[in-house]
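These are the structures, in structure tokens.
Both complexes shown next keep chain A, but they swap its partner, so chain B is in the first and chain C is in the second.
So, the complex of A and B:
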């Protein structure tokens, strides 16, 4: 039977009335479980961050599920190892979205992984939270509809310790750098140097040392630094390499000759114990610190720290806080999207639309995601000190930098923004809080 | 040139001291790999795992025995004991259960099997020791530091890196050369290396020689890891970086050549430390630049000999 003219006219009219509204607010059935993919390092040197990140995810998801899940839906995590490389990661990302039907991806620790995953998130139209990677390039080079970062980026993580150094030791004349020879080590030095040239143009760089990624011995570099006697030594290294550098430097009394600035050393403090002497500058890739001088909700911070310690027998380090932030943002975004959808489960577009301007709680602060997808996270920097209470260095003279002060504005390239800084910014640095 | 030395002579001296300690560790790991390849003709990728397990075991044993309270020689003894344990247990196990079955197979298959073993042992390390960096520096701390004059200044070095590591490397080198040239077991190893068929025909038990050699190689790899453990944090992946450098040493030295491994380790150790002082960007490239330069001039390696191929 053919289609008559009457059928066609009726069909067109009916479809024209209903189809657009169907696309706009297609009802999505509330799932039995909320499947989320989490990419993290479970092998290789970066598993010192990846495994605590996974542990925190398991602990927090258990807590969320015990409380009824998100909108009454329990979370089911799927973990993917970033260790085998980007090709493997992209394959797993695609498999999780297309085969396992995960609704949200949390990716990744490595900046290289994030740079690769973000275009794929757009292609697959799957909300992706960049939960730990630092590269500032992602939202400065392109706008994304489905990708959001639930923490800061490399710019505030480098600028905050530079400002702290300029406040604490404004008269330093010489500086040396020892960073790992890979993207983060090189990029963080570029950011530091851009800021330093603007704020302290008379500082002289006496050595730029980039030992290979994965190096296990820094004796030669320590000798070189001992001979040079720079006023300041910067190292954005992390993991076993930072531990080894700190121990070898301590054994050979390099800490007595130079002031160290270590923006990621919070994650090494418990492991290196008393090897790290007092008086050196430590950062934590955010405002993560179990002795935070002014947390937004002290009970919340204590609960997180105590639960983590009880379950894993160590203090939580920064990736565990970043995981908290990602899951907290996810809960807040679902709540916002459902509220805007009459209490119904949101579709992908509705969920993605909830993130720009989203406010959510971290263990220490109230955070925001900007309109470009970048999270605004405070930065806590302090000076190492020793007490009888703990067998490792804690922090004194802590400054919590507001994110607006140290993050490049929307649409600005970080390096150019840092080069254009004036010394007025130092007047806006808050006073030490603890 | 003279002016350059006048300006940089002192720095060069420091670089040479640094290079010695670095060369000692490189030698200890690479010589085991070289010995195993020379006799068994198997390129053992799992050699890096034996290094890592030696390091983890030494740190674990040191912490468990509380060697911080022991005198220096005891802390050092714990490291050597750990290496001996790892080599003596894992060496025969791997040789008997795995390698013995693939001696007659293609090189590619041998590589795949030892690579698979490497991957499995990587996971075993994570299961046993976790992923957080492990460290125990009692041996290094107990030997203290030694101040080297530097113009009007001085540079503190650890006595462990300045004297103990190079000292042990020299002992191992001399001991190995003496063992291979002056003992019956050593001569049997040399005989099997030279011509397995002829050695078997005159009554040498080649299987036993293989077992002995592989176990010695495993002990040396573990010793390298154990001696590195007081100075470095041990992390997942340390075995992989070790094996890559060891291959460069073995290829440069000439496969199966012990003196070659020592000389190459010295060249790489010194080359890398000099690079850190004067051309830091080239430090990562030095081992491979040395390898390429040597192989261009002597394709069989520094001490390697041309082999006739039976058809």
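So, the complex of A and C:
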């Protein structure tokens, strides 16, 4: 070919500086390393998700690189802390794209971060995988060419536990909610209420409690719930707050009076140990569970769980699976883009074009990305139970909801879609397993 | 430091900012934020001259930022939005100032803190209007009627921030040299003397307070136009603490101090985060400790000490 390394460097530099990226249609040189930026919480309360996410990324990237990387190119991750807020994150996003020349960004645990990053990714024309954030607003309010989500969104994550509850305890009459007072706590309750009004309009809401974000004491709320005796208590809280709420509710025997529905409790199970009694409904923001009743490839799930446990001495929780999904989608997209490009390294448009309709493997299932960029991820909901094998609650009577059943169709607003649901959907819920 | 030397330093500083922004495109964003925070910190410094520390000025920053987010859809031009946000924040500063200018020291600091946290909670709780912690997107704006794409827009807001920074620095310098500005020192040493001279201390502090609110408002509008996404976190007490931190880092001795502090703060944070993503707070804390221990007048005093 006769292209020296100097030519390549100069070409890339001038191409990047002088040409608008749309004009860069000629084949791209295969890089020495594939740089990816990963934004995650390394400080603050959400680091209970961010640090496992980073650990999983390091472990999986090591594994991918040992196997020859992506198309022979090893991955080099750059981590960014979401803790300091949106300003810092947007600055770091620019630095990684413009200065470090990362090819792909894996953005954000916080929905606020995702809402801020996605338009910037579009302006910078950089493929961005929304690897963990839940807000359904992103793809419902706008279409993006470079942003894709490699997991579900808040709608299936709320609708699946609601359907599970309606299947398991169809005759409940009263419900109370205790959520953190911030965007997710409010959003998830709005989604739940929209679905509940359509599917069980006679359920009465007896209390809507929104203790402040970061609260460390729930004794007033527990007292109130003990007095109200709701049949069901919903809480989409997470992290230290959910742990504290579970412990304080257990001490005062609230679990004996009401059935709890906790769509994010999978991430707290190991920490709260035996404080969480049997018989309560637990979700995991997807089909993430080390004892998944019917994984697509059991060996793959076991390998992931065992490797993670060996290296970090705890069971993987949902953000680690989400990281697996993002990296797996990335590998699949590069393979697809290179296959469509005569085996050459793709440019950013070719890479972005590979994502709509992309199929890739999660630890437990075969997933797809829809044409609007939204990932279709099954949802696993189960009931807590105690065994002698493990010192914390595991799941029984698990239902794996297929994504088509619980995800709002392309172009539909989630809340409106949920309001229009009919009870037929309950007949399509699969039978429990495991 | 003579006038001429300070003007020369300011010119060098402005040129350095432009050169850095030209050499490293990603720094444009960071430097714009730094200049904006420098303007807000300049306002905090005015109050510090009177011996009053406000732990709540991020409220004005957030107020202006949300004003821009709400108004940008209707008033689509940055050159209208900036003065509008400044004006609204000055009015808010006047209303709050009438109340807090009656208090001193710890009470002044705590009242500002309390009011700012009330405002933070409003932003967070009026979920249907503000989208809570998820924040609001600021729609694209024009500059003097011209639509800009990403790079042009970034340059426009950087230059606007630089011009406003120089403007406010000059204004603050004139103000501090005027009788009303000199009287601030009087509040710090002994207020009764001001009264004997026929100057009402409350009014002296109120003028400084409104001026500082206007500066914080300008900063908030610039930040909103830069990040294009505003969240309640902009008004959280840690953001107010950040402004005080910047003043201490830069030094309250001259109007250049807050800008030096803001640029140093942002660059230390960015480079610390780039080298050790999970321990950048430690580095930032160590830098502040070093400044407090070895350069009590801040970075500005280092410059002055060597050249005077």
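Please note the rule applied: the second predicted complex is superposed on the first by the 409 of 434 C-alpha atoms of A that agree within 3 Å, B and C clash if a C-alpha of one lies under 4 Å from a C-alpha of the other, contacts with A are read in each partner's own complex, and residues count from 1 in each chain.
Methods note: a residue touches a chain if its C-beta (ideal position, glycine included) is under 8 Å from a C-beta of that chain, and two chains touch if they have at least 3 such contacts.
These figures come from a predicted structure and were not determined experimentally.
Q: For A:224, using the defined touch cut-off, is the partner it touches chain B, chain C, both, or neither? Pick first, second, both or neither.
A: After superposition on chain A, A:224 lies in contact with chain B alone.
Q: Output check: A:45 vs chain B and chain C. Expected answer is one of first, second, both, neither. What do you get?
A: It touches chain B, and chain C stays clear.
Q: Touch check for A:240: first (chain B), second (chain C), both, or neither?
A: In the superposition, A:240 contacts chain B only.
Q: Looking at the overlay, what does A:198 touch: chain B (first), chain C (second), both, or neither?
A: After superposition on chain A, A:198 lies in contact with neither partner.
Q: Determine, under the contact definition given at the top, whether A:181 touches first (chain B), second (chain C), both, or neither.
A: So A:181 meets both chain B and chain C here.
Q: Tell me which partner A:124 touches in the superposition: chain B (first), chain C (second), both or neither.
A: In the superposed model, A:124 contacts chain C only, not chain B.
Q: Counting only touches as set out at the top, which of chain B and chain C does A:271 meet: first, second, both, neither?
A: first
Q: Would you check which partner chain A:80 touches, where first means chain B only, second means chain C only, and both and neither mean what they say?
A: In the superposition, A:80 touches chain C alone.
Q: Is A:91 contacted by the first partner chain B, the second partner chain C, both or neither?
A: The answer is second: A:91 touches chain C but not chain B.
Q: Let me check the overlay on chain A: which residues of chain A are in contact with chain B and also with chain C?
A: 42-43, 181
Q: Which of the residues in chain B come into contact with chain A in the complex?
A: 11, 14-15, 17-19, 21-22, 25, 122, 126, 130-133, 135, 137, 140-141, 145, 150, 153, 155-158, 161, 228, 231-238, 240-241, 272-273, 276-277, 280-281, 283-284
Q: Write out the stretch or stretches of chain A touching chain C in their complex.
A: Per the touch definition, chain A meets chain C at residues 42-43, 79-81, 84-88, 90-92, 94-95, 97-99, 111-112, 115-116, 119-120, 123-124, 135, 137, 181-183, 186-187, 213.
Q: Would you mind writing out the residues of chain A in touch with chain B in their complex?
A: 42-45, 47-48, 50-51, 181, 207-212, 214-217, 219-221, 223-224, 226-227, 229, 239-241, 243-244, 247-248, 251-253, 271, 314
Q: Spell out the part of chain C that touches chain A in their complex, as residue ranges.
A: Touching chain A from chain C are residues 24-26, 29-30, 33, 124-125, 127, 131-135, 137, 150, 223, 227-229, 231, 233-234, 266, 269-270, 273-274, 277-278, 280-281.
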